[in-house]
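Both of the next two complexes hold subunit A, though its partner changes from subunit B to subunit C.
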Partner chain A sequence: MELQLDSPIAKPGLRRRTRWYFWGLLFLIPEIVIFFIFLWVPIAKGVAYSFYNVDFVSGNSFVGLQNYSEVLSNPDFYTAIKNTLVYMGLALLIGFWVPIAMAIAVSELKWFQGPARIVGYLPSIIPAIVLYGMWQWFYDPVGPINTFLNFIGLESFDFYSKEHAVFSLIILETWQNFGSATLIYIAGLAAIPRDLYEASELDGAGVWARIRYVTLPSLKNLILLLLVLQVIATSQAFQSQLLMFGGGPDNATLTYLLLTTREAFTYFNFGKASAMGVIMFVVLVLFSILTIKIRKGGEEA
Partner chain B sequence: MKSAQERAIMSRYDFRKSGVKVVYAFMVACIVLISLSMLYPFVNTFLNSLKSTQEFFAFPAPFFPSKFLWGNYKESLTYLNIGLHFKNTILIFAGNTFFSLTFLGLAAFSLSHLRVPIKKWITLYFLSTLLIPAASYLIPNFLNLKDLGLLNSYWAYWLPAGANAFYLLLLKNFFDGIHKELFESARIDGASEFRCFLGIAVPLSAPILITLVLLGFSTTWNDFYWSSLVMQEDKLPLAGAIYTKIIYPGSTINWNVRFAILSMTLLPPLALFLFFQKYIISGLSLGAVKG
Partner chain C sequence: MKMKKSLLISMLVFVIVLAGCASGNKNGDNSPGSASPSASSPVESSSTPEATPSPAIAEPVSIIAYAFPADKTEENATLNAKIKRFEDKNPNVTITPKYWKYENTEIAIKMASNSAQTEFTTWATEANLLSGKKWIIDLTENLANWPYAKDLNEFALAPFVIEGKTYGIPIDAYGMTITINKKLFEQKGVPLPPLDWTWDELIEAAKAVNDPAKGIAGFIPMGKGTEAGWNWTNFLYAAGGEVQTVADGKVTATFNSESGLKALQFYKDLKDANVIPKNWALGYGDALTLFNQGRGAMVMCGSGNALDGAINQGGINKDDVLLYPIPSMTKGGKHTGVAGGNYKVINGLATKEQQKAAFDFVVDEYFTDAYLDSIDAQITSQKAKNQVYVPQLINYWNDSSDYGKKYEEILAKHDNVYQYSPDLSKLMESKPEATYETQAYYGEMANAIQKVFTSKGDLDLQKILDDTAAKLQKSSFDKVKIE
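Up next is the complex of A and B:
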């Protein structure tokens, strides 16, 4: 709260009021302008363009809901939604528990805890482009993984086939991302009071029981938070799909956002792409509101 | 962090049970395996960049190259003018840092320590953008930059860098923690608000600023897709250039040369990470607060 000794309300007058607010406004104006031009205008334009046929040469023309009906009647649209959901589900199933387990394991280490933390985080600092370059080779039919499989007498595994493509992506993404989540969980684990373990051990709880009834409930909020973040992040995934597989084979890795960018930058249907953006916006905002509601409801209960 | 004598989930007593010992040994083995699988790609990438093509495809492939062929690095320069693209990346990064931190810093300072009318609404104007997923306005953002005539210019990075509600929130939270009395006494001594910002708020928030600079660096260094849309040819930053010229699906450039380029791209973020570990990791937990 401000001190109200020299309130502008007591001595009205535009000049006084401007002087009173001068510095505050001066510092804010650049950002107000930047946010307007580079965030609010694009957001508004996105909604507007979704009703237009965007044409750089002969100008934009209003087409009403045509973009939306074209998007909804495109079979690829449903493939992309299905792929995105499958990808999100698999990422949760395969990737989500790994950091929790890893964090618990690492914080139980008696020696080399520091290095164990850092090593897990190393893949996260690899620039995405380097990551894909590396894994293109690891997944190559003659790359190290298949060489190793052949070496121990197994058959080669085709990472690029239609059935395996999503799976290959999940391994790659889990490998890269689990380190940062692990570090967040480790910080959460460090905040759990040791007395709880002491007390439950005296009450006769075994190690598993302690993890199940002390550790995991204490991490509940953090787990929920990272769950929501992961769902939001994976729903927008498209870069690894683009670089590793180009959306193929046979649209097996075509995600929603990849289809959006394809509409825009391959077919130059900017209107349709904007319409897809609006649909995504509505769904994700609804999801955010829903999770906030659920979390609030959970706290009250 | 936890000190050595403090107990964790398991106590010393637990270790007397043989079942626990076995599970613990298994766990340690898993961690070691995972650690190795984390390190292997780094080492492999670097060593592969020094192999000859025959050695690269030899079966079974040797782990170490028989001769260190530094010539691969020289050859990689014929595919990609790394110096030029490196310069572009640094230019983008420097401009981004300057614009985003200066203007966001001023705005955050104003919101937390200065008199602002309808403060609540202005804060909402900034922070509500956090709820809007960036992917949903990817396309209109591109069209907007095109309409403004900013495509293929560094301004297409520098100006939008300021529109970052996440950074604003972090800075504001940090400034909120600085005592108001510091500024009051400075004002009584005749300092202008700008002096207060530059002389008190900025030095006190050095840790968060360093974290944000590092975050900005990794964002710029990582971004290949957006830059490949916005910039062209000689103005591309390194990641964008590698994407369009070296690692597109179906690229035919020799693997060892590719790996030489990747190794070089990997080095700066790796070095920065090892130097600034503390700040990067603190930035990470900040990222978790975002939701």
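Up next is the complex of A and C:
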């Protein structure tokens, strides 16, 4: 890249390069301004507010680490962390492989590949408010799922019980989100050279062997990337928890971000909510660094 | 080279962020005031004498009034007419109507961005919270100079009188009631319970009308969000209990008393009798929707609110819904429920001049014929839409006053006005909500209620209540500073 920048026109290199970067920076300014206003300032303010008792009228007062100590002494904080981890884990276990399987299945289809992709993606375009209304009906004791279970002679399933609430949410979330991940995997699959498959077929590999030795290794990086994205997304989950169960029953679906939202918008403790945000931010940054390290390590190996 | 440059850019960005952060903090304190060009924060204006203009000169003042959603054309037209009348009388005041409906989950954002109206409507539940945060102003002085202040209904006013100061002007008030879908009772051939019913009679009625196979619940208590605690408090009150006591500047949780235990046992009995929806996760809207769909025979709500929704939105015939008081624990006992209502409050972030103008605007037509005419017009317009006007049980005036009688005359003129049973008002007793950290209490109680609604087998209800009380005491009540 550097070579291309230094064009053969005879001009003092430093001046030219400075001017080049000046224009580059100029084009970056709108981006910097937008990021500054809508991302960096809120982040910086969030960090600052975590040390304040936020009061719009009388002015903020500095409280040092009080918000942090109150957050850490709240038993719900640990419940929320546990619930979030359980949710993340179950979402990986139940939901993560679905788009991979779906993408492979779709790409193995001889006919109707296009319609299959559309059908898979449809749930992602349903507006949230319709989605939750729909699932409330699906999970209803007299809703379609339980009616079907009763029809085939099984007992009704209580989707709202303390034991099943998280599971119910994961089914809902997987159904809602697997479409977009499937599309990404399908794109990844399309990029795998066909000759690899042809070669493996010549070697006598069946469908399973092709998936095992060609498809999955080729998708490795993509899988890892989507894994990181899913972990980050599920660690910040709160929408379905809030709308379906309000964090209940008895805090069974109280996630970290839901507790943060509750602190901010139910109890109006913005300082405490900011402190929780900062803790989350630090953990996610550490996690990202760790993943980058692991990935780099993997590539070097 | 690349490294160096990116390092340089990163440092530049870092410096910008730091600079923004520093100025942001400074602005952070003042931003609400500086957001509107004419406003400086009230704290500043009171501390700098030159900022306060002489009252003799009528400086131009702009305020924002609490408007209705765009589809409520009748209400908005009434408001616009009221604005015009006020502006004609007060040429220095400019009023812009703006729609934002009060929501307890949105008010913080509205205050942070200083974008709430100068005067807005809120609920009785919000009095302590809003006044505690200084998001609304103390109106005691304004009321002292207003000739009609003494005519306000004291019961309606009560929730907004805090430590001797008045923070809101009532529009209407209510006590909690139970709305019954009479049709479901008739379909099952179940006789209606007596109006002076008890907890046991409620459970019996719920059992009789209950039909889980069809997804019909006998009784729909709210179980999700703070409204779960709000619903349960009715039974705590009916059992004679209190949420908290205040003594020597200290707030102590008392809802884990014997009355609390009885109220929670009642919820357990409802669960054991299988008369509540399996889907316990019902917020205010969810519970009312279920009722409107005919999937529950009884729901608990502020006097006519569930009834209004059932008739005017749910399409249930007005003769098919009935209002009952909160049942008494034992026969002949008190039918005490939580009191609530709608109130006008003045934005604490506005300037003193704006606040004064907003107060004058709010009370401008209180106790005038113009106000009654607007109700008359509303009833007429609802009739045209085939809707029923559901009056509030308690208004800002006293029913026995001349003004109250005039109001009754207007209601009597129309045939699309819901008629409450006269016995209902006699039985109902309404008690204001807890004073301190009410939302935190409701939120914690919601967990306890969910525990009861979703656990199988025996539960140590006293322990659940004690644990909830202890947690709330430590995290909220102990931190209350009473001035």
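Here are some notes:
Methods note: the second predicted complex is superposed on the first by the 265 of 301 C-alpha atoms of A that agree within 3 Å, B and C clash if a C-alpha of one lies under 4 Å from a C-alpha of the other, contacts with A are read in each partner's own complex, and residues count from 1 in each chain.
Just so we're on the same page, a residue touches a chain if its C-beta (ideal position, glycine included) is under 8 Å from a C-beta of that chain, and two chains touch if they have at least 3 such contacts.
Predicted, not measured: the structure shown is a model, and the values here were computed from it.
In this superposed model built on subunit A, subunit B and subunit C take up the same space, so to speak, and clash.
Of the two partner chains placed around the shared chain by superposition, subunit C is the only one that A:P249 touches, whereas subunit B remains out of contact.
Between subunit B and subunit C, more residues of subunit A are touched by B.
Shared-chain residue A:L258: touches no atom of subunit B or subunit C. By the touch criterion defined above, A:I32 lies against subunit B and subunit C together after alignment on the C-alpha atoms of chain A.
After overlaying the two complexes on the shared chain, residue contacts for A:D55 are found with subunit C alone; subunit B is out of touch. By the touch criterion stated above, A:P141 is placed in contact with subunit C alone, subunit B being left untouched. When the two structures are aligned on the shared chain, A:Y160 is found in touch with subunit C, with no touch to subunit B. In the superposition on chain A, A:F270 makes contact with both subunit B and subunit C. In the superposition on chain A, A:M88 makes contact with neither subunit B nor subunit C. Of the two partner chains, subunit B is the only one touched by A:L226; subunit C is not. Annotation: subunit A residues 2, 21, 25, 32, 40-41, 45, 49, 56, 136, 142, 244-246, 264-265, 270 touch subunit B in one complex and subunit C in the other.
By the touch criterion given at the top, residues 2, 21, 25, 32, 36, 40-41, 44-45, 47-49, 55-60, 74-75, 136, 139-142, 158, 160-162, 244-246, 248-251, 262, 264-268, 270 of subunit A touch subunit C in their complex. By the touch rule above, subunit B contacts subunit A in their complex via residues 1-2, 6-11, 13-14, 20, 23-24, 27-28, 30-31, 34-35, 37-39, 41-42, 44-45, 48, 57, 59-61, 103-104, 106-107, 109-111, 114-117, 122, 125-126, 129, 131-144, 146, 148, 159-160, 162-163, 165, 168, 192-194, 197, 218, 221-222, 224-225, 229, 239, 242-243, 246-249, 255, 258-259, 261-262, 265-266, 269-270, 273, 277, 280-281, 284-285, 287-288, 290-291.
Across the complex, subunit A is touched by residues 1-2, 5, 9, 13, 16-18, 20-21, 24-25, 28-29, 32, 41-43, 104-106, 108-109, 111-112, 114, 129, 133-135, 212-215, 223-226, 277-281, 283, 286, 348-349, 439-440, 443, 446-448, 450-451, 453-455, 471, 475 of subunit C. Note for the complex: subunit A touches subunit B at residues 2, 20-21, 23-25, 27-28, 30-32, 34-35, 37-43, 45-46, 49, 54, 56, 102, 104-109, 115-116, 118-123, 125-130, 132-134, 136-138, 142, 144, 147, 151, 175, 179-180, 183-184, 187, 190, 194, 197-198, 201, 207, 210-211, 214-215, 222, 225-226, 228-229, 232, 236, 238-239, 242-246, 257, 260-261, 264-265, 270, 273-274, 277-278, 280-281, 284-285, 288.
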